[in-house]
Every structure is written in structure tokens, then in C-alpha cells.
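Structure record follows, encoded as C-alpha cells.
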Amino acid sequence: MEAGAEAVGTAREVAAQADVVFGMVSDPDAALAIAGGPDGVAAGLTSGKGYVDVSTVDAATARAVEALVAASGAAYLEAPVSGSKGPAENGQLIFLCGGDEALFKSIKDSALDVMGKASFFLGACGRGAQMKLVVNMVMGTWMASLSEGMHLADAAGLDAATLTEVLGLGAMACPMIALKAPIMATADGTSPYPAAFPLKHQQKDLRLALALGDETSRSMPVAAAAMQQYVRASARGRGEEDFAAVHEAGRE
Amino acid sequence: MEAGAEAVGTAREVAAQADVVFGMVSDPDAALAIAGGPDGVAAGLTSGKGYVDVSTVDAATARAVEALVAASGAAYLEAPVSGSKGPAENGQLIFLCGGDEALFKSIKDSALDVMGKASFFLGACGRGAQMKLVVNMVMGTWMASLSEGMHLADAAGLDAATLTEVLGLGAMACPMIALKAPIMATADGTSPYPAAFPLKHQQKDLRLALALGDETSRSMPVAAAAMQQYVRASARGRGEEDFAAVHEAGRE
Amino acid sequence: MEAGAEAVGTAREVAAQADVVFGMVSDPDAALAIAGGPDGVAAGLTSGKGYVDVSTVDAATARAVEALVAASGAAYLEAPVSGSKGPAENGQLIFLCGGDEALFKSIKDSALDVMGKASFFLGACGRGAQMKLVVNMVMGTWMASLSEGMHLADAAGLDAATLTEVLGLGAMACPMIALKAPIMATADGTSPYPAAFPLKHQQKDLRLALALGDETSRSMPVAAAAMQQYVRASARGRGEEDFAAVHEAGRE
Amino acid sequence: MEAGAEAVGTAREVAAQADVVFGMVSDPDAALAIAGGPDGVAAGLTSGKGYVDVSTVDAATARAVEALVAASGAAYLEAPVSGSKGPAENGQLIFLCGGDEALFKSIKDSALDVMGKASFFLGACGRGAQMKLVVNMVMGTWMASLSEGMHLADAAGLDAATLTEVLGLGAMACPMIALKAPIMATADGTSPYPAAFPLKHQQKDLRLALALGDETSRSMPVAAAAMQQYVRASARGRGEEDFAAVHEAGRE
């Protein structure tokens, strides 16, 4: 077989022809659908092959896909990515992996580190999804807090651009402030926030992280307060916009 | 008069001999004490001189000092610094100034930008204090949120050092994570957190920021939730330790 | 057949012999199990009969049971009760009903109002469960708030019994204060809170109510804060005790 | 002197003619103003007389008035009332007293229990103000929580009047629900809430209670979340309306 892409009919056929198959779909249902069924990936896998799913799914879905793959004798690796639109375009994604460590090692240099800037093996399948959840919980809360700071600065008559510049010189200087604060500063209450990471997905990640805290008995009052700001922003019709639109929750 | 430091008896005498006097004391009461009274700075000031107070005080105190200085005919600049112990030692402080703009311009290059890495003129006296308050409110909330993420990671069996590394590669990568997360990760519930910025001061800044939001009708539920975690950490005897000790509020 | 109880072998046999069957089990899984399957209630139902489930289940489970019953041609009424151990023993329960209104009317006087002090028909199946959720969300939040008041009174040196007496004379005077405040006032941090309504069930109801708010875009920051206090109390091993044990979440 | 009221010129003159003087003014400044100064109550007091201030003031003001009175040799009793407009008109007020216990005893039967339905002696001056603060903190939080329940019920399609009736039959049945829920249920987002207890005063009491918790190291996350809802209602222009207008904070 020559190098190059080849059109095939089903996920099963792809799996039958390749040593390692990569899957990337938009949500848990699609991840299960492409892995299972008569024409799914698992139907084409055999012992010695590997399936790597870089979709962002919850830990339970990752483990369900793992079970489907395991039945075929093949190896499975969950490899959700941290990073949104911009990082994806610039090869700045981070892979958060769980599952079969040998498979991880075999593709780390040749695939993961080519598509992204770093990859981590975190242990059993499900750990990748959970790491992403923790990261996104903190991110969603920081964003809601940044928004409160910007609203307070506004109330005190302080210039938003100067606040952004001051923040950018201190202990909190980070890409998120550089990217999002200018968008929030110029929002006027009716303008949209073009989605890099949709607010409804940020809300979902906070929801799942809080559920994980509930299950593991970790109280997280700050994240819980942030979550309610995302609910409020959703109530104001901002669910499809960027998660920076949580800024609208603080506008009266 | 030769170059070099000279021992003098009182703040008044310093003010009488210099064109521009810099004051740095530990709290609002000391700021008022050194500026007022028969031996205070204001007593030695005259028209044409300037007083720059780089202490961290609230807006009301800054304006009270301004009034004392104004009575002497001299110019006043509040110039609180953003940044703690480390930045101070490395010339990485940021001056957040309010008050007399001419005085600001006259000392920006020769003094402020020598001692720190940036300086901002924000408008009327009080604005410097308020900018610092906004910055510290966000910082205190981010820290409390980071702590929740680390506790949740721990509950999920995820390694704290890996979480720190992942955070350090993404949208939230910032000096605060690099400096504080390793300290929090190794804390065992009994070890102290050496103070760079004491928790009780962080708690005070959240208190004042929430009061400012209350006055200006800006609801800030995320900061309010964070504040209660600092109260809890104080209840556990961590007020004199670093503000990263808010991590102890999440330990049961 | 003579009046009186009769031993029968299965739920199906009960349903086959009675016009209206009442079910009361401890959780959603049991509610489904007793209704479905070859020996379940539905298997013994026919058109003209009715099934009333007074178990406390979520709206989705209530609708699933309704579907099982509907397939038999019989009528279904969800009738979860509001009220815990004490009210149950004293005939003070309240039935919150949803589903078949004709069935509700036919048993209101003869059965529901005999076992309880009031019964409400709220509309489609699922409404009963949701009303109970709303009521319990408020109850759980009020309890967490009462606890904060008692801790604050203690901090200020105010006597808990006097606070309870004052509250009992004002706008908030209610059975919950009369019943629970004395138990909280005498708790010493190690004593148990005998369960009338277990804390883990209160926590579950807050969880489900917050999920309902999330789905319907209603932000509920106060309930969200209360929820985290129940998580904390659970982390302290109080899940099986009475929900008044949320008081332990505020003890350092 | 005959029985009956007599017109006199100043507070000092009243104090000079009476054995026990009662003061009732609208706020702390007025309480200090009527007690002090050349024509104030204290100027007319002498040893053996008593001054009872039934105004609602903070603990610090109560102690300042106590000091003014103490200088005259007379006895002082703070006696703030719990209860708003309705209870005042119906003799249903509760007096929460602190200060001179002998004075309390001498007027309890003849005055306090005639004007109100109960009176409590709580210890040193300031305790009365603090008890009122604790009571009002719980009340403000319960109201914010009740509002969340009503909004959630609305989202689920449940009737507000039925919710009110159900709540009125259970563990939370209290005058506050009976009085306020119907007003909240019929509010349409533009209608005013006639003030029995103004929202801005409720907000002030939550502010002071949270400050007391801050000072005494008691974390109160539920009250802190409720406070932010009052800030939000104020931002929406509801400060002068009844505190039930916190219901507007949950309307999008």
C-alpha cells in the first residue's frame, strides 16, 4: 500500500487495515457509536492493534469504549486534548492519556507529540477525562472571577485595558487573560462572544467536576458559585457563545 | 550636600531636606502617623516639594494622607505596589499610582521604573489603592480555585505534580501556579506555608473588594465564596502564613 | 373474601386481587423492580385497576413506572410524601401526587387523607417528585443557614437556647427550628444526630434540585452554597445521620 | 403632675422630668445625636434614672450611647426590637436587651411586655444588637432561598400558590412564608414590593453579620451567597422596597 490517504467505507474497514486507529468525534454518544456496532471500530480490531480516541468524553464513556475494544483483543488509549481552537491550529494541544501504557509509548513520539506539544500518561482509562475535568473546572472558575474583577474595576472607574495590562505583568499573567480580557472589555451587553470554547461546554465541565467532588466528598464552594454564573449566562442566551460570555452574568 | 544616605531625626526633617520624599510603612495607621503630627512628613513639606507613599493602604487612607499633604502646599502621589516578597527583591514590582500627575511624571523614570518594572498613573488619589484591590481580589479567588482543583485531583487519584505541569502548559500558565502549586502539593496538613503574602492580608483585600462591590452594586458571588474559604483558613490558625494556606480550608 | 390482611406470594398476585394497589419501597431501583418483571405489580394489573406508588423517587423513575403500568391498561399515580419519621407516625404526611387524576380523586378521601393530613394533585406524572424536590431544596438550605446563625451566635457569646426561643417567636417560627435547633445546640462535635431524614438523602435532593435548575436555566447560588456544606458534612462522616448534622460542616 | 402626655422642648428636659426615658430613632447617627450634646438625653440624666433605647443600632453604637449615659451616673439598656411593621402594630414585637439588668427587670412587666409580646435580657450592652443581627442574617438567607425555590417551581411548571400551601403544611411552615410568598408569587418583574422591612436594611444586616463572622472566624458561605443576591437586587433598583424583592435577583 502506498503512502497517502485512502477512502474506505466504514470505521470497521479502517480498523481492519491499520495498526493503530485514531478516532475524533464530537461527543460521548458519537464516541460510543463509532466504536461499537457491526460497522464500528471494534469490529475491525484484532489482538495486536490499537485504538486511540482523542475525543473529549467523560470517564464513564471512555471506560465503555475501552470495554468494547477489549472484547476484540486490541489495546485502547483515551487521549482527550486540553486546548481549544487556537491551540489546535498551532499544534499546541496537550494529550491527557489513560488506558494501555504500551500503546501510549508506541505512539507518543510518532503521533501525539507531532500533533500536540505535550502528552501525559496518567494511568487507568478514565484518568485522562478526569484530568481534563479538573483543568477545565479551574479554568471556568478563573474566568468567572476575572469577569468579577473587570466589573468591579468598571464600577470603580478604572480602565479595563489598564487592568488587563497590570494583570499581565503580575503573578496571574497567563494566555487566558491576554486572549479573553480584551474581548470582555469591549463587550457591550448585546455583542456576541465568538466561540473558541463554547460556554455550554464549560458549564458541562463544571457540572461534571462538581459531581465528581460530590462523589468523592470534596466540597468546592468557589467552583459551585462559578457554576451558577454559567447557568445565569445560559439563561441569558449565551450558551453557544464563548465561555468568556460568563461576563454577561454580572451585567444588570 | 554629598551623595549618599544621611541620618536624620524625624520624618519632618527628611521632608525639609528633600525635594521628593518616599514613604513606605506597613499599614494605614502607620501611613497616617508618619504623614501627620508635629514631626510628620507634612510638617516639613512646602509648595514645590512632593510626597510619594508606596505603602499599601486603602483608598480612604490614601485620600486622608493626600489632605494632610495638600495643606502644606506640596504634591502627593499614592503609589502602592503590586507584587510580594520575590518581586520586590528582583525589581519586579508594579507601581499603581494616583494623585498628582506632574509628580508621577517627574519620578517615573528616575525612581519608579528603577525600583520596579512598570508604573501606571490611574487618575485621582484612591485609584491606585482600588486597582490593587481589584487585582488582589482576583488573585485570592484564583488561589482558592486552584486549591479546589488540587483537592479534586487528589480525590480522583491524579498526581499533583502532573496537574501542575499540565496547567503550566495551557491557557492558565502563570507565575502563581509555578510558585504556589508545588508548595500546596507537598503540604501535609500540619506543615506551615512560609509567608510571601500573608493570608490575613489576602483576606483583608477580599473583604475590602467585596465592600466596594457592595457600595457600587456589583454582585460578586465567586469572590464571596472565596472569601469564606479564607475565613475558614483563618479559623484553622493560618492567618499569618502565606495565602496559599487557603488550601487548608479544603482539607477535612 | 373476609376483611383483613392476607398473605400473598408476589406483587403480581396482590395486583391481581385488588382494585387499587399501594406500593412503598425505599428507592428508585426498588420502585422499578416491584413494578416490572414477571412477578411485578404491572403483570397483575388490568384496565380499570390502579397503582399508587408513595415511594420517594425522582421524576424520571416515576415516569418509567407510569410507562410499565400504562402497558397493562391500568391507571397510575405517583404520590411521594413530604414529611419524615415523626409526621409519618402521627398521620401528618402530605401526598404530592401526579399522574392519573381520576385515580387521585377516587382515593383521596378513602386513603390519602386517612394516612396523611393533606394531598395535592399537581398534574402530569413527575410533578409530584419535582414539588418534593423544590420543598426539600428549600429545607436543606434553611437548615444550613440556621446552622450558620447558631455558630455565629456562639461566636458572639449568645446562648443557643435563647436564640432558639427568639426565633420561635418571630417571622421564622416553624417546626424545623423547634425540632432541630435544640439538637444542634447540644451537639458537641462528636455526638451523633439520630436520623429522622438522613443527611445523604438531603444532599441527594439538593443535587437533583440543582440539576433541575441547571436544565431549566435557573441560577440558585444560595442552594449551591448550601449543597457544598452537605458535601463537607459527608466528608466528615455524617451522611447516615440526620440532615441537621450539616451543623458539623461549620465546626473547625 | 397629672397623668398624660406633656409637651417639652428637648430630650434633656424629658430626661430631667422622668425616671425612665425611652428613645426610638431611625438610625445609629440619630441614636447618638439624641443621647449626646447639651440638649441630649444624657445631659438630663442623673444617678438613679434610666435610659432605654429601643432603636435598632449596631453593637458599637449601643456601647457608645451606653458610655454617654454612664457618664451621667444613670443606667442604660439597649432594647432593639425584632419584628417589622405588622408586629409593631399588633404588639407582637420582641425586645432583645443588653446593658443594665436591674433596669431591665424594673421595666420588663410595666413597659416592655406591654408594648411587645416578649423581652429577653442577653447580657452586656451590644448583645441585643448582635442577637438581632443573627436573627436577621438567618431571615435574609431564608428569604433568598425561598425565592430560589419559587423560581425553580416556576421553571418546573409548578403552581406558586400550591407550593406556598405545601410549605405551609410542613416543617418550614412560618409567618414569613405566609406573608411573603403570595407577594413574590404575584410579582411580575415590574411591580414594586411595598416595604415592611426595606431590602437595603436587610442587606446591611447581612453585611454586618458577615463582618462579625469574619472577625470571629466563622465561615458562613450560605449567608455570603445570599448577601450577593441582595447586592444584585439593589443593583436592580430594589433597595427601598421590601426585602422580599430579593426575588427579583433571580429573574433574568
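Just so it is clear, A, B, C and D label the chains in written order, and each chain counts residues from 1 on its own.
Criterion: a contact is a pair of C-beta atoms (placed from the backbone, for glycine too) under 8 Å apart; a residue touches a chain by one contact, two chains touch by 3 or more.
Everything numeric here is computed off the predicted structure, so don't read it as measured data.
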Touch-network distance, subunit A to subunit D, counted in steps: 1
Label of the chain whose CA centroid is most distant from the centroid of subunit D: A
Gap in Å, rounded to a whole number, between the CA centres of subunit C and subunit B: 50
For subunit B paired with subunit D, centre-to-centre distance based on mean C-alpha positions, whole Å: 37
Multi-chain contact sites of subunit D, meaning residues that touch two or more partners: 213, 217-221, 224-225, 228-229, 232, 235, 252
Touch-based graph of the chains, sorted into line, ring, star, complete or other: complete
Contact set on subunit A toward subunit D in their complex: 221, 225, 232, 235-236, 252
Parts of subunit C lying in touch with subunit A, wherever the complex brings them together: 203, 207, 211, 213-214, 217-221, 224-225, 227-229, 231-232, 234-235, 249
Contacting residues of subunit C [partner subunit D, same complex]: 82-84, 87, 94, 96, 117-118, 120, 122-123, 127, 130-131, 134-135, 137-139, 141-142, 144-146, 148-149, 151-153, 155-159, 162-163, 165-167, 169-176, 179, 209, 212-213, 216-226, 228-229, 250, 252
